[in-house]
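Two complexes come next, and they have one chain in common, chain A, joined by chain B in the first and chain C in the second.
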Partner chain A sequence: MIENFDLSLVNWSRGQFALTAIYHWLFVPLTLGLSFILAFMETLYVRTGDEMWKKITKFWMTLFGINFAIGVATGIILEFEFGTNWSNYSWFVGDIFGAPLAVEGILAFFLESTFVAVMFFGWNKVSKKFHLASTWLVAIGANLSALWILVANAWMENPVGMVFNPDTARNEMSSFRDVVLNPVAVDKFLHTVTSGFVLASVFVIGISSWFLIRKREELLARKSILVAGIFGLVSGLMVALTGDTSARTIAKVQPVKFAAMEALYDGSTDAGLTVISALRDSGERLGEKKVHEKKLKIEIPGLLSIMTTGQQGGYVPGLKDLINGNPDKGILSVSEMIERGRYARQVLTDYKVAKELGDNDSMATLAAKFEDKDFTDNYFRYFGYSYFEHPWQVIPSVPVIFYAFRVMVGLGFFFIVLFIIAVWFHRRETLEKNRWFLWLALFSIPLAYLASELGWIVTEMGRQPWIIQNLMPVHVAVSNISAGAVQTTFWLFAVLFTALLIAEVSIMVRQIRIGPKH
Partner chain B sequence: MTMIISHAFLQSYWWLIISLLAGLLVFLLFVQGGQSFIFSLPRNDMQRKMIVNSLGRKWEFTFTTLVTFGGAFFASFPLFYATSFGGAYWVWMAILFSFIIQAVAYEYRSKPGNVFGTGVFDTFLFLNGCLGPFLLGVAVATFFTGSDFTLDLFNRVQWGSGWHGLEALINPVNLLLGLAVLFLARVLGLMYLENSIDDDELMASIRKSLVRNAIPFLVFFLAFVAAILIGKGYRADAVTGEVSLVKYHYLHNLTGNIFTMILFLCGVVLVLVSLWLAIFRGSRRAIWYGGFGTVPVVMSLFFLAGYGETSFYPSSADLDSSLTLAKASSSLFTLKTMMYVSFIIPFVVAYIWYAWSSINRERITGEEMSGEGHSY
Partner chain C sequence: MDTAAKTMHRIFRFYYDGFRTMSWWGKRVWIIILIKLFIMFLILRIFFFPDFLKVNFSDDRERGDYVLEQLTGNN
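Let's turn to the complex of A and B:
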C-alpha cells in the first residue's frame, strides 16, 4: 500500500517543511525571551527614571527588531504550507487544527503587530506608561501566539477532543477545552516558551560579555547580565521541570517516541536512565530496522522506571514490546493494529460507496459503527495504521532522537550553571576579572540555538511516521502535486532563507559592534 | 437563540467574517500600493525615506490581516484551504514569496552591515507592492471564474492543469480583477502618503500620480464587475447542492439581496468621493473615504460569490466538485466555538485604532527622519 504513494514527493515536502520550521525557529525563541527582557528593562526605566535603563532597553530593542522581522517572514510560510503541501491533512483535521491558528491570528498576532509599532516608533509620541504597556503587550502577544500554534502542534501528537464524521470523512472538534488543555499542549507550551527565555538570556549574557571583554559599555553589560541571569535561571529551572513532565506525558501518549529517545528495545521493570552512551549496530533487526546496543554507557539503574511510572519497578516498554506486542503487559502488536485499522478503513469506504449509491440501509448500518464504542476504541483508533505494510515502518530514527535528546538536556543543565555563575559573579562584582566566563558565555550563544533546534528535532522526528499520532501517517497527508514542484520551491526557500539569514547575522553583528551609542 | 444558531447560520456568519477580513486586507494593501511607487515617486533619498517610513509603520497590519485571513479560512472552510492551497500551488507560492521578501525589507534596507545593499531591499518592496495585490486579485477572481480541479470520494484534490494555479493568469476576467486591485492599492497608497507625510514637493508628485492611477483602476474595476454580472455564474441548488452555470447569476445575487446591493453602492460611492476629494479638492483625508469605501465593496463581492445559492469556489472541470459554504465548512461545534472567539474582533479593531492614531498624530517630516529615533 505504501508504494502507491510518491515517496519522493513526501520526502521533499517534509524537507521543505523542516527547512522552513528550522529557519523559523532560529528567530522565534529570541523574540519570545527578549520581548520579556525588554519589558523588564523598560519597567526598571519607568520605575527608577534612570536614563541608563532607557538606553539599555533601546539597544536591545534594536536587536529585537532585526530578529523579529525575519521571524514574521518565515512564520507566514508555515501556516500556508499546511495547505499547499499537506492538503489531505488540512481537510482531514482542519476542523480542529485550523481553530487555534485562527485564534492565534485574532488574539495574538494583532496584539503583537499593533504594539510593536508603538514600541519602536512611540518613544516620543506616547506617554512613558503607554509605551511600557506596549512593550509588555508585545511580549504577551508573542508568547500568546506561541501558545496557540503549540496547542495545534500538541494536538497532532495527542489528538483529543474530537469525533470522526463518516459523512465528511474527517475528524471534527467535540471539545475546545480538551484541545486547549491537552496535557501535551500544556507541557509543550511551558517547555517551549521557557526554553525561548533561556536562549534569549544566554544571548543577552553572551553579547554583554563581549562588551566586557572589549572593555566597552560596561555598565550596560553588567546591568543586562543581571536581568538576563535572573530571568534565565528561573526559566532554566522551569525548562528542567517542564521537560520532566513532558517526558512522562510522551511515555504515555507516544510510547514509541519515548522508547526511541531512550534507545530502549527491551522493556523492563527496572529500566535505567542512560545519561550518555554510544549506540552501535547490534546486528539484530526489528523488521528492516537496526537494533542498537549501548556502549560506554553511564546509566542510573532503575531511575527511568521511577521517573516514567512514578514507582519503583514500574514497567517501561521497549521498542520490541511496542512493535511485536506484549500480551502480558496488555500491549497490542503493530500487526494487529494494522489489521484493525484496515477493517476501520474498509468500513469507511463501504459507507462512502453506500452513500454514493444511495443505499440507505447499508449507510445506516455502517454509520452506527462509528457511534459504537467498541468500534471506535478498538478499531477506528488504529485507522492510521491501515496505511502501513510492515510493523517496523512505525519506528522512527533511533540514533538521531537518542543523541539529539541527550545533547539538548545536557546543554539545558549547562545553561542553568551558566546563569548561576553569571548572577554570582555579578553579585561579587567580579565579572570582568573572570574572562574565562565571559568567553564561555559568548560561545554559549550558538549552543543555545543548537539546544533549541535539537528540541524540535526530538519532537518532530520522534513522532515519525505520523503527522497525527495513530490517525494519519505523513505520506497520506501530502498534497497531490509533483515532486518537481516541491523540489523547486524547496531550493527557492533554501536560497532565500540563507540569504536573509546572512543579512540578518551581518546586520546584527554590525549593530552590536556599533553599540548603544548609535 | 438555539434556533438561530444553526449550522447554515454559522456558515453564513463565518463567510461574513471572511468577507470583512478580505475587505480590510484590500484596504490595508495601501502599504503595497505605496511600495510600488518607491522608485517612481520620490525625487531624492529623503523623500524615499519618508515614504518607506510612513508605510513601514503599517506593513505589519497588512501582513497580520493576511495571516488571519488565511487562518480564518482554514478554521471555517478547511476544504477550501485544502483544495485551493494544495491545488493552485504556484499562485499561492508566488504570493507567499512576495510577502516574505517584504517582511525583512523594511527593517534591513538602511541598517549598517546590510550585505545586499539598500537597492535590493527596495526592489523587494517594489516587487511585493506590484505582485502582492495583483496575484491576490487574480486568486480571488477564480471565485467567480472557476478553477481546474476535481475532488474524489474522500475530498482529496486533483488539479487538472500542470500549471497548478498559474493558468488563472490567462483568463482575462481574472486579470481584470488583478489589475483593479493593483491600481486600487496604488491609489490608496498615494492617498495614505498624502495623509501621513509633510513635504510639499512630494505632495505635488502624489497628486499627479493619483489621476494616472485612478483612471485604470476605474476602467479595470468596472470591466470586471460588468464581466461577472452579465456573464454566467455558478449556481448551487439549495436542496440538492447540484452546481450549474447560469447566465446573470451574480447579477441576480446582487439585485436579489438588498443588503449586498446597498453595501456595494455605498462602497462605490465612498471610493468615488475619495477620488474626487483627493484629485479635485486636494484633501489629505481622502484615504479614510477610500479605505472605508473599499471594505464594503470587497465584502459585497464576496457576498456575491458565497451567498444566494452560489458555489464560492467553483470547479470549471467538474461542477460536482465545486465548493459551497455548506460543503466546505467546519463542523457546527467548531464554527460555534470560533464565533465566540470572533466577538473579540471589535476590541481588536478598537486598540488598533487607538495605537494607529497615537503613532500618526503628527505627519512625518524630513526633520524627524534626520533624528535619532528608530527609522527604516
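Let's turn to the complex of A and C:
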C-alpha cells in the first residue's frame, strides 16, 4: 500500500508543515511568557506606585508588542495547509478539531482587539487598575488560546472522546470532556506554556545583561533580572516536573516514541536512564531499520524503570518488544496490529460497497460495529496499521529523537542553574562584577529558542509515521495534489517567514538599543 | 447623544487616538501586519491554498465518499 503513495509529495508536505510550525513557534513562546512577566511588573507598579516599575513595564511591553505583532496570524498558514495539503486528514478529524480551534479563534480575536489595545493605547486613559487587569487578561488569554491548540494537537497523539462515522468518513466528538481532559493534553499544555515562561525569562535576563555589560539602565536591568530570575526558576522547576509526567504519559500512549527517545531496543526491568551517549550502528537490523548501540554512555542504573513505572524493577519495553510483541508482558506485535487494522478497514470497505449497492440492512449492521466497544477497542483502534506492509515501518528516526531530547533536557537544567545564579548574584549585588555571567545570559537567548524548538521536534518526529496515533499515517493524510505545488509554497513560506523574522529582529534590536527612553 | 452612542464614540476615540499617536515601532509593525495579511489572505489563500475538498467536490456527501475511497484504498 505504501508504495502507491508519492513519497516526494508526502515529504514536501511534511517539510512545509514543519517549516511553518517551526517559524510560528519562534514567536509564540515569548508571547506566552513575557505577557506574565509584564503582568508581574505592572502589578509591582500599581502596588508600590514606583514610577520605575512603570518604565520597566513599558519597555518590556514594547518588545512584547513587536513580537506579538510580527507573530500574529502566522499560525493561520498551518490551517491553510490542512485544507490544501492534508485534506484527507482534515476531513477525517474535522469535527474534533472544529470545536477547540473555534474557541481559540474567538478568544484570540477578542483578546487581540480589546485587551492588547488597552495595554498599548490605555496608559493614562484608563485607570491603573483597569490597565493592570487588561495586562493580566492578555497574559491569561494568550495562554488559554494556546490551550485549545494544544488540546487539538494532543488529540492527534492520543485520539479519545470520539466515534467514527463510516457514512461520512469522519470522527465525531462524543465527549468534549474527554478531549479537553485527555492526559496528553493536560501534560502538553502545562509543559509547553511553562517552557514558554522559561524562554521569556531567559530573554529578559539576557537583554538585561546586555544593558549591564554596556553600563546602561542598570536599575531597570537589575529589577528585570530579579523578576525574570524568580519567575524563570519557578517555571523551570515546573517544566522539569511536567516533563516527567509528560514522559510517563508518553510511555503509556506512545510507547514506540518513548523507546525511541531513550534508544531502548531491549526491554528491561532494570532500565537505566541514559544521561548522554553517542549512538552507533550496531550492525543489527530491526526489519530494515538500524539498531543503534550506546557508546560512551553516562547512565543512572534502574532510574528509567522507576521514573516510567513508579516502582523499582518495573518493566520498560524496548523497540524490539513493541515491534515483535512480548506476550509475557501483554504487548501485541505490530504484525498482529496490522492484521487487526486490516480487518477494521475491510469492515469499512464492506460498508462502502453496501452503500454503493443501496443495501441498507448491511449498512446498518456494519455501521453498528463502529459503535461496538469490542470492535473499536480491539480492531478500529489499530485502523492506521492497515496501511503498512512491514512492522518496522512504524519506527521513527531514533537518533534524531534521542539527541534532540537530550539537548532539550540538558538546556532545561542549564536554564534552572542560570536562574539560580541570576537571583543569587542579584541578592549579593554582584551582577555587574560577574561579567562572564552577563555574557553567558546574553548568549543563552538563542539556546532557549533551540530548546523550545527541539521540544516540538521530539514530539512531532517522535510520533512519525503517524499523523493521528494508530489511526492515520502521514502518507494517507495528504491530498492528491502535485509535489511541485507544495515545493513552490514551501519556498514562498521560507522567504516570507525569513523576511518577518528579519523585520522582527531588526525592529526589536533597534528598540533595545534605544532603551526605555522612547 | 444617548449612552450607547456616547460609549461607541469613546471607544472610537480611544482607538483613533491610539493609532494617531503611535510610536515609530508601532507604525512599523502595523505596516508589516498589513503586508503580511495581504500576502496571506489575498495571495497565498486564493492562489496557492484552495481548500482541496471544497474546490473539487460540490457537497459534503461527495467529499465524504471521496475520503472513504481514499481510506479504503480502492481508488
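Heads up, the rule we're going with is that the second predicted complex is superposed on the first by the 511 of 518 C-alpha atoms of A that agree within 3 Å, B and C clash if a C-alpha of one lies under 4 Å from a C-alpha of the other, contacts with A are read in each partner's own complex, and residues count from 1 in each chain.
Convention: a residue touches a chain if its C-beta (ideal position, glycine included) is under 8 Å from a C-beta of that chain, and two chains touch if they have at least 3 such contacts.
Only a predicted model underlies this, so the values are computations on that prediction, with no experimental measurement involved.
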Room on chain A for both chain B and chain C (clash or fit): clash
Partner, of chain C and chain B, that touches more residues belonging to chain A: B
Chain B versus chain C as contact partner of A:115, first or second or both or neither: first
Which of chain B and chain C A:98 touches, first, second, both or neither: first
Partner chain in contact with A:84 - chain B first, chain C second, else both or neither: both
Chain B versus chain C as contact partner of A:124, first or second or both or neither: first
Which superposed partner A:376 touches (first chain B, second chain C, both, neither): neither
Contacts of A:503 with chain B and chain C, given as first, second, both or neither: both
Contacts of A:492 with chain B and chain C, given as first, second, both or neither: both
Chain B versus chain C as contact partner of A:107, first or second or both or neither: first
Partner chain in contact with A:269 - chain B first, chain C second, else both or neither: neither
Footprint overlap on chain A, comparing chain B with chain C: 62, 65-66, 69-70, 72-74, 76-77, 80, 83-85, 87-88, 90-91, 117, 120-122, 125, 168-170, 352, 479-481, 485, 489, 492, 496, 500, 503, 507, 510-511
Of all residues in chain B, those that touch chain A in their complex: 57-58, 60-61, 63-64, 66-68, 70-72, 74-76, 78-79, 81-87, 89-90, 92-93, 96-97, 99-104, 106-108, 111-116, 153-159, 162, 164, 330-331, 333-334, 337-338, 341-342, 344-345, 348, 351-352, 355-356, 358-359, 361-362, 373-374
Of chain A, residues touching chain B in the complex: 61-62, 65-66, 68-70, 72-77, 79-80, 82-88, 90-91, 94-99, 101-107, 109-118, 120-126, 130, 134, 165, 168-170, 172-174, 176, 352-353, 356, 479-482, 485, 489, 492, 496, 499-500, 502-504, 506-511, 514
Touch list for chain C against partner chain A, complex: 14-15, 17-19, 23-26, 28-30, 32-33, 36-37, 39-40, 44-45, 48-54, 60, 63-65, 67-74
In the complex, chain A residues that touch chain C: 1, 4, 62, 65-66, 69-70, 72-74, 76-77, 80-81, 83-85, 87-88, 90-92, 117, 120-122, 125, 166-170, 345, 348-349, 352, 387, 476, 479-481, 485, 488-489, 492, 496, 500, 503, 507, 510-511, 518
